[in-house]
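Both complexes below contain subunit A, partnered by subunit B and then by subunit C.
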Partner chain A sequence: MEKEKKVVETNPAQEKTADQIIKENTALRDAEIKELKRKNEAELKQRLASTDSKEERKRIKEQNKVDLYNQISEIKNKYNDLLAHSLPSGANKDKRHMGMKSKRIIGNTTIYIILIIMTFIWLFPFVCILLQSFRVESTHMVGYIIPKQWGFDNYINLFTKKAFNDGGFGRWYFNTLIISIFVALIQTIIVLCMSYTLSRIRFKGRKFLMNFMLILGMFPGMLTMIILYRVLKDMGLTESHAIPGLILVYVASSGMGYYVSKGFFDTLPKSLDEAARVDGANRAQVFFKVILPLSKPIVIYTLLTAFMGPWGDYIFATYVAHHEETGMNVAVGLQNLISSEQSINANYTMFCAGGVLVAIPITILFMILQKYYVEGVTGGAVKG
Partner chain B sequence: MKTYSDLEYLRLNKFQKFLYKVARFFVGIPRWFLNLFIAIGNFFAKAGIYIKDEVVDVFMTFKNGDWKTRLSYVIVGFGSIARGQLLRGFLFLIFEIIFILYTALYGWYWIAQMGTLGTKGPYKYYDPDWDTYVTKYYDDSFKILLYSILSIFFIVAFLYTWRLNIKQNAIAQDILDTPARKALNKECKAEVKNYLSSHPDYKKPDNEAVKDEIAKINEKYDALIAGLKPDNLKAYKKMVKENNASRASEIAELKKQNKVELKQQLLTIETKQERKKLIKDNKQSLGERIAEIEMKYGDKASEFSRDFNLNYNHEKRELEQERKFLIKCAKDGKEVSDIKNEYRKKVEACGKPLVSDKQDLESMLDNQFHKTLLALPVTGIVIFTVLPIFFMILVAFTNYCAANDGHFNNLFTWVGLENFNTLLNWNTGSKAYSAAFGEILGWTLIWAFFATFSNYFLGMFVAIMINKKGIKLKKVWRTILVLTIAIPQFISLLYVSKMFADNGFIKAWLVNYFGVSPKFSFIGDAAEPWVARLTVILINIWIGIPYLMLIATGILMNIPSDLYESAQIDGANVWQQYTKITLPYMLFVTGPYLLTSFIGNMNNFNVIYLLTGGAPKIGDVGGAAGNPGYTDLLVTWLFKITQSDGAYYNMASVIGILVFIIVSVISLIVFNIMPSTRNEEDYQ
Partner chain C sequence: MASVKLTDVKKIYQGNVVAVHDFNLDIKDKEFIVFVGPSGCGKSTTLRMIAGLEEISEGTIEIDGVVVNDLQPKDRYISMVFQNYALYPHLTVFENMAFPLRLLRPRMPNAEIYKRVTQAAEVLGITQYLTRKPKALSGGQRQRVAIGRAMVKDCKVFLMDEPLSNLDAKLRNQMRAEIILLRKKIDTTFIYVTHDQTEAMTLGDRIVIMKDGFIMQVGSPTEVFDHPNNLFVAEFIGAPKMNIVKSQLLKEGDKYYVNPFGSKIEVGGAKGKQLLAKNVETQDILLGFRPEHVRLEQNPSASNFKVTLEVNEMMGSELHLHVVAEDGSKLIVRIPTIQLNDKEREEMVYGKELYLSFEGKVMHFFNPETEISLLSNQESPQKSDLKQDVPEE
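Then we have the complex of A and B:
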């Protein structure tokens, strides 16, 4: 009893001092590091100014980076040691240990509860779509979820209501598949060309090109659709002939989406290129024989995203084909099914069935290639 | 305002620090503007100087040029053809011919009409042969505007090639026509003449003999050139191989040694943490040492290759030239060719020869490989993005709308700034647009802010939860959340919008079981604006969290775990660990991403359009402005305007331009105050 009391009494004072010590310690440390950096920068500038050759400068920079890193870590170590000596040891560690286990259990349980609730929220709409797609008794929107009568009628209706050549669901599905495959292939080639060039080749106008595309990206893409639609219309690539037109437009500007794969190419060491060049390869051979074989993750990421884009695109597709059902993709076709009050009542469950059929392949594909997608997304966000 | 030094700043308390930062921010604003103006001024000054330099250069090249160069000013590519660079020359020439044909046949016609955008519309007349009315089409403003922009692009491209052609001429002349070369050539000619006049009995060799001689020469030099390669190549390959082998062996040796040392060191250490640290440190230092070795050998190897390429190509070229010359000699006869030979050596000492066609082609895959790779993507961007954007910017200054985009009227014309006036109502514009514009702009910014940051923090929170030690089934949780990314939005969002619709089952439940009034509406036309907006933001969380979770997971894994360990030892609780370690790290790393995501949300067409379609409507605006609603963003409004009966493309373009201005201003500000501007080269 007595011991515990003592601990409780002495604790606050100790914690406070410990806090203060840590604060002072880090403040002093940071200041010293900053000072060091500033000095270093000035010195580096002088050294750089004194040499003329580019390679020499690069070497100096590299050397300086390593030196600076070492110096900084020295300072950090020094202050860590200082801190370890000056901190009052012991007392409050024991107290924390006692409650640790029960605390962790409570914490984990809360997390599990939150995650389970989230799972429910996240899956709920998808489960609903699935259930409603099997509902037979009515095609309306209804106030309950679980069907009273189960069956495949909606799926059968999707394919039988209209023949392939009149633009039924089968036709839309086929259209979307064709568009997605072509776009995935061509767009991947274009994006790889663009990002490889911008990442690994230094040429005149490179910075300008990148800035220019950055500025172009700030215009809302919606604007250009109007004119692209008119141009496609003049070329006869709308409505029932919309598929080549759509592929053309999706692919044409895809070079602007080079950021993620450029980030990937940036991380490959430059010595690879140099070694290959030494062995007598020209730039093209370096690209095809050295870099491409190493780029499997980014190629798959680009293929996947390029495939998913047109698979779910609605806006431009509806612009280009909104009358002729033979030229629609699934998004436009399905949206058409439920576009008005009347058609909702007639087609609601069919829409759900169509949605399920569209979602299943892309979801399976995504799950298989999830690893690559995650790599790409994280890399892209970190490297900007 | 007083600026603090770092130490002074550190002494401030939290509140003072915050105040200081805010104050610095506002104090800095005038300087930004100043910098901006200076930058703009600099840009124009630089552009002026550039243009001046170009013009002077063009003029000087003409003045100093020989007749080939001068003729190239009119017949593009002539100089290159005349100097033996056939490939370049003909490409230039073909481009010029196409350009002239296009301009004469079409381009001029379109550009001439750009001022008025056409004067004669379609008109109907009675055709007695067919006994019906027929429409005859004349000008079409849309086509005039589009093709005149295309023609201007073409002209710019032609001017660029023209200038390139002149530069090529200047370079070629620099190489060929140095004064020393010219003088030598002259001297040579004079001497030959001199020799011929002093030896009237000199005879050129007859044809048969020349043929034999040439065949002999060819045979000899073919053998020589063939003999050049293997020897050199073998030696070179051997060198490279040796270099690689010794590099590999040195690295292997280093690794071996390091392993032994590390083992010994580890034996002396007892705590697990220190061991970990030692291993980590060792890894790093080993990496540095290996990199050093690689660099050393890489330098050597690139030296070899440089030497090799230089030597081999150089020798080959020399042999070729010799052969060429000897063939010439055979035609001239010995005495004259001796004279020429003497001068040839002198001329050769003057500099390198011109780039040949073959070298041109080879460089497409080598030094000019970036042009090969970029040609297709950049062309696509220019035609399908740049051109439409130019077009739409220009449309903002016309009266282009559905009324003049039909079969009976397809003429529109320039109206100056009238559309901007209509939208912003600075003078006497209509109220409909300006009222809606204020409302929608405000909501766009609010939406972008909340959509970005709610997703950001909640996504990070979820990632931390899933990654916590002791949580099982990590993969399963992640996979479930990621479903919203995998399933196309037009399915998931459309379905969710139906769930929340006035006749959807969520509302039915609320009415049946929770006694909510049947008039209540989430996202229908009868909804309260704030309810609809809140619903949209909440549903967006459902869509957006998974992305952020993935990103945050990747980044959180990179935070060194000893940071947390030492924080725990120092007594930091979970919240302190989060605010002092996790959050600063995340913010630092994802700064640029936050900006792009903010802008992406400002233009987040899919979520709004598929969920609400903009409903509920803004009351007093009406159909003329495309029936905007309280949840409309600027982009969805823009889309609606183009889809409405009036189809006011001009107003849509104005909104588009304003969106661009807003986005670029925000980006500029953020880029200016963001701490983490990265250097690209850091990664390689």
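Then we have the complex of A and C:
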């Protein structure tokens, strides 16, 4: 009976005090600190009065500052300890925990809301294009997003419609694929050889070459447009022969993109090369048998970036191909579809379908290879 | 199996940093040579020049009578074990060990590769790991694979660059013993680089002690231990290191004496005769004596000196006593535990006064200027060169 009574008595007291104890504790603590400061000030005045030397005063003041700080921290610690003991077990912890938890929830919610908004803004154009590409009731640009009638007509028309002379979407798509594959392969080989050389072999002018290429890379590629066109024209690699011309343009300066892969090669221990060379390999064998198998992420990263460059390129492709439809890549061809007001109305949905088709291979590639892509981008940074 | 000859080999890095000065050494067929020295002394650089991984700035290196200066590593018929193992992470242990064989032209038949790798694996006790990747091996196992990879190829010279320094102390002792055994099995010329004087002493037929790119002394372990050419070798070889104190060498008639800390100790045995033969006069010297050659004396006398004990390290079989002499110089003394009774051992505490003496036969005398041993026959040009080469700042 007595026990129960006690419980009844103490329980409300405990629940009530969790907050109060903290308040009381803080008040007491602040009072004590105030008192300490007051005392200290008086003492300091006395001590300062006892000396004339300016230096000595400065010293006393500084010493006092340190002492005061230490004393205050002592008081704070004392009250913190007191608090920990006087609070009902777990109350303090729970309270803090709750605070943290609710803070985290608020923080996370805000972040998610921002992210969702950003995602929506970012995805909206893609969703629009996807929906438009399935719209069959009219080919015009319209004021609504959801199609009234769905179908694959636009996709079929892309490949069959005779309006494109001898060009046509299939041809452009194929052109782009050829360009991209060749560029990806050639560029990867050049870039990897280049970066391996810069990473491993010390030769005269190495530093200069690296800096030179870095500075050269800072100029926008557009600057070279006119001269490149002149060169390609003289070589006969424009218009209907634009494909080899474009491959040449894309591949030509690729050695300058050595940074990322050089960073990666730098992280592979040099003793691996040395061991292989002692084991009887020449430089090429070291590269192909030891280094390349260890560099899968960076090979894939280089391939992907090299493939994507020409795949989506418009500017170079448009002036090299000029008006010749057989030499166009997919970006230029699609733009051609909607180049006039009349053709926009005739081809708009088809244009959207073309856009979707362009995105497909890249999307698939990324889905398969994204693991390596991330490793390739961050590899140099983390492993070092 | 081959001899290696280094003639006036120099390594100069960019910015005129000389890493190795005029290195001359004849390594005999089937000899086990150890390069030892503190870090930055040029030992690894020399090894890498032999391997062909560093260019030789000046001089020539011959393997089996052929100058190899301009040959690629693969054409030098060498094998090498690296400090960090340098195993190929993407290959299994078997393929790692088979790697040098697969590169041979004309191709080696697979059956022969299999035979050699499995044989080497058996010798090294790693047969059960052949299908694993290096990632799944412990440090000691990886080291074995690295040695195995170097073993399978027929090579003239077997190079090892600090192969044990990545292993923990226990494993290191074990692998050291295994390398001695391995050497019997492979029976070829070994060049081994280490910074650990114990490894050097236990493994080498001859030790090359290097400092700042100079050879300080070449000799068998006994030679360099008993007759160090100069102060550096004396202090580097042996642990704990040799005590060096200022003293005088006194010639009285046919006898020599040294007088560390006011005592007077006769130079006995062969040392005295050698000094007499060289007709060394009375002079200031640096006196060296090893911690294990010091005796504890019960009472003060003219032939011993007083020191105060600072630290007593109980090593089990012996005590390492760090003591301070009256003039403040610090000495280390090794006393076998068995020589002391329990009471004496308990008394070895801070501040205890001890009387020390040492054998006249085992002391070393160095010229305080040149730091060369008075008994050394070598004119040691290194020291003077060294002074000239100190860059003027």
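Here is the rule we go by: the second predicted complex is superposed on the first by the 275 of 384 C-alpha atoms of A that agree within 3 Å, B and C clash if a C-alpha of one lies under 4 Å from a C-alpha of the other, contacts with A are read in each partner's own complex, and residues count from 1 in each chain.
Rule of thumb we're sticking to: contacts are C-beta pairs under 8 Å (C-beta built on N, C-alpha and C of every residue); 3 or more make two chains touch, one makes a residue touch a chain.
Note that the structure is a prediction, hence the values are computed from the model and not measured.
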Fit-or-clash call for subunit B and subunit C when the two complexes are aligned on subunit A: clash
Touched partner set for A:272, first subunit B, second subunit C, both or neither: second
Touched partner set for A:282, first subunit B, second subunit C, both or neither: both
Partner chain(s) touched by A:33 [first = subunit B, second = subunit C, both, neither]: neither
Partner chain(s) touched by A:48 [first = subunit B, second = subunit C, both, neither]: neither
Contacts of A:293 with subunit B and subunit C, given as first, second, both or neither: second
More subunit A residues in contact - subunit B or subunit C: B
Segment of subunit C intruding into subunit B (one of 22-30, 76-84 or 220-228): 76-84
Common interface positions of subunit A, toward subunit B and toward subunit C: 269, 271, 274-275, 277-280, 282, 285
Contacting residues of subunit C [partner subunit A, same complex]: 51-53, 72-74, 78-80, 82-84, 86-90, 99-100, 103-104, 149, 153, 159
Parts of subunit A lying in touch with subunit C, wherever the complex brings them together: 269, 271-272, 274-282, 285, 289-290, 293-294
Residues of subunit A that touch subunit B when the two form their complex: 15, 18, 22, 27, 30-31, 34, 66, 87, 92-93, 96, 104, 107-108, 111-112, 114-115, 118-119, 121-123, 125-126, 128-129, 141-145, 190-191, 193-194, 196-197, 201, 203, 209, 213, 215-216, 218-224, 226-228, 230-231, 248-249, 251-256, 266-271, 274-275, 277-280, 282-285, 287, 308, 311-312, 314-315, 331, 334-335, 338, 344, 348, 351-352, 355, 358-359, 362-363, 366-367, 370, 373-375, 377-379, 381-384
Residues of subunit B that touch subunit A when the two form their complex: 6-7, 10, 142, 146, 240, 288, 294-295, 298, 301-302, 304-305, 362, 365-367, 369-370, 372-374, 376-378, 380-381, 383-386, 388-389, 391-392, 462, 465-466, 468, 470-471, 477, 479-492, 494-496, 498-499, 501, 503-505, 508-509, 512, 542, 547, 550-551, 553-555, 569-571, 589-590, 592-593, 596, 599, 603, 605-606, 609-610, 634-635, 638-639, 642, 649, 652-653, 656, 659-660, 663-664, 667, 678, 680, 683-684
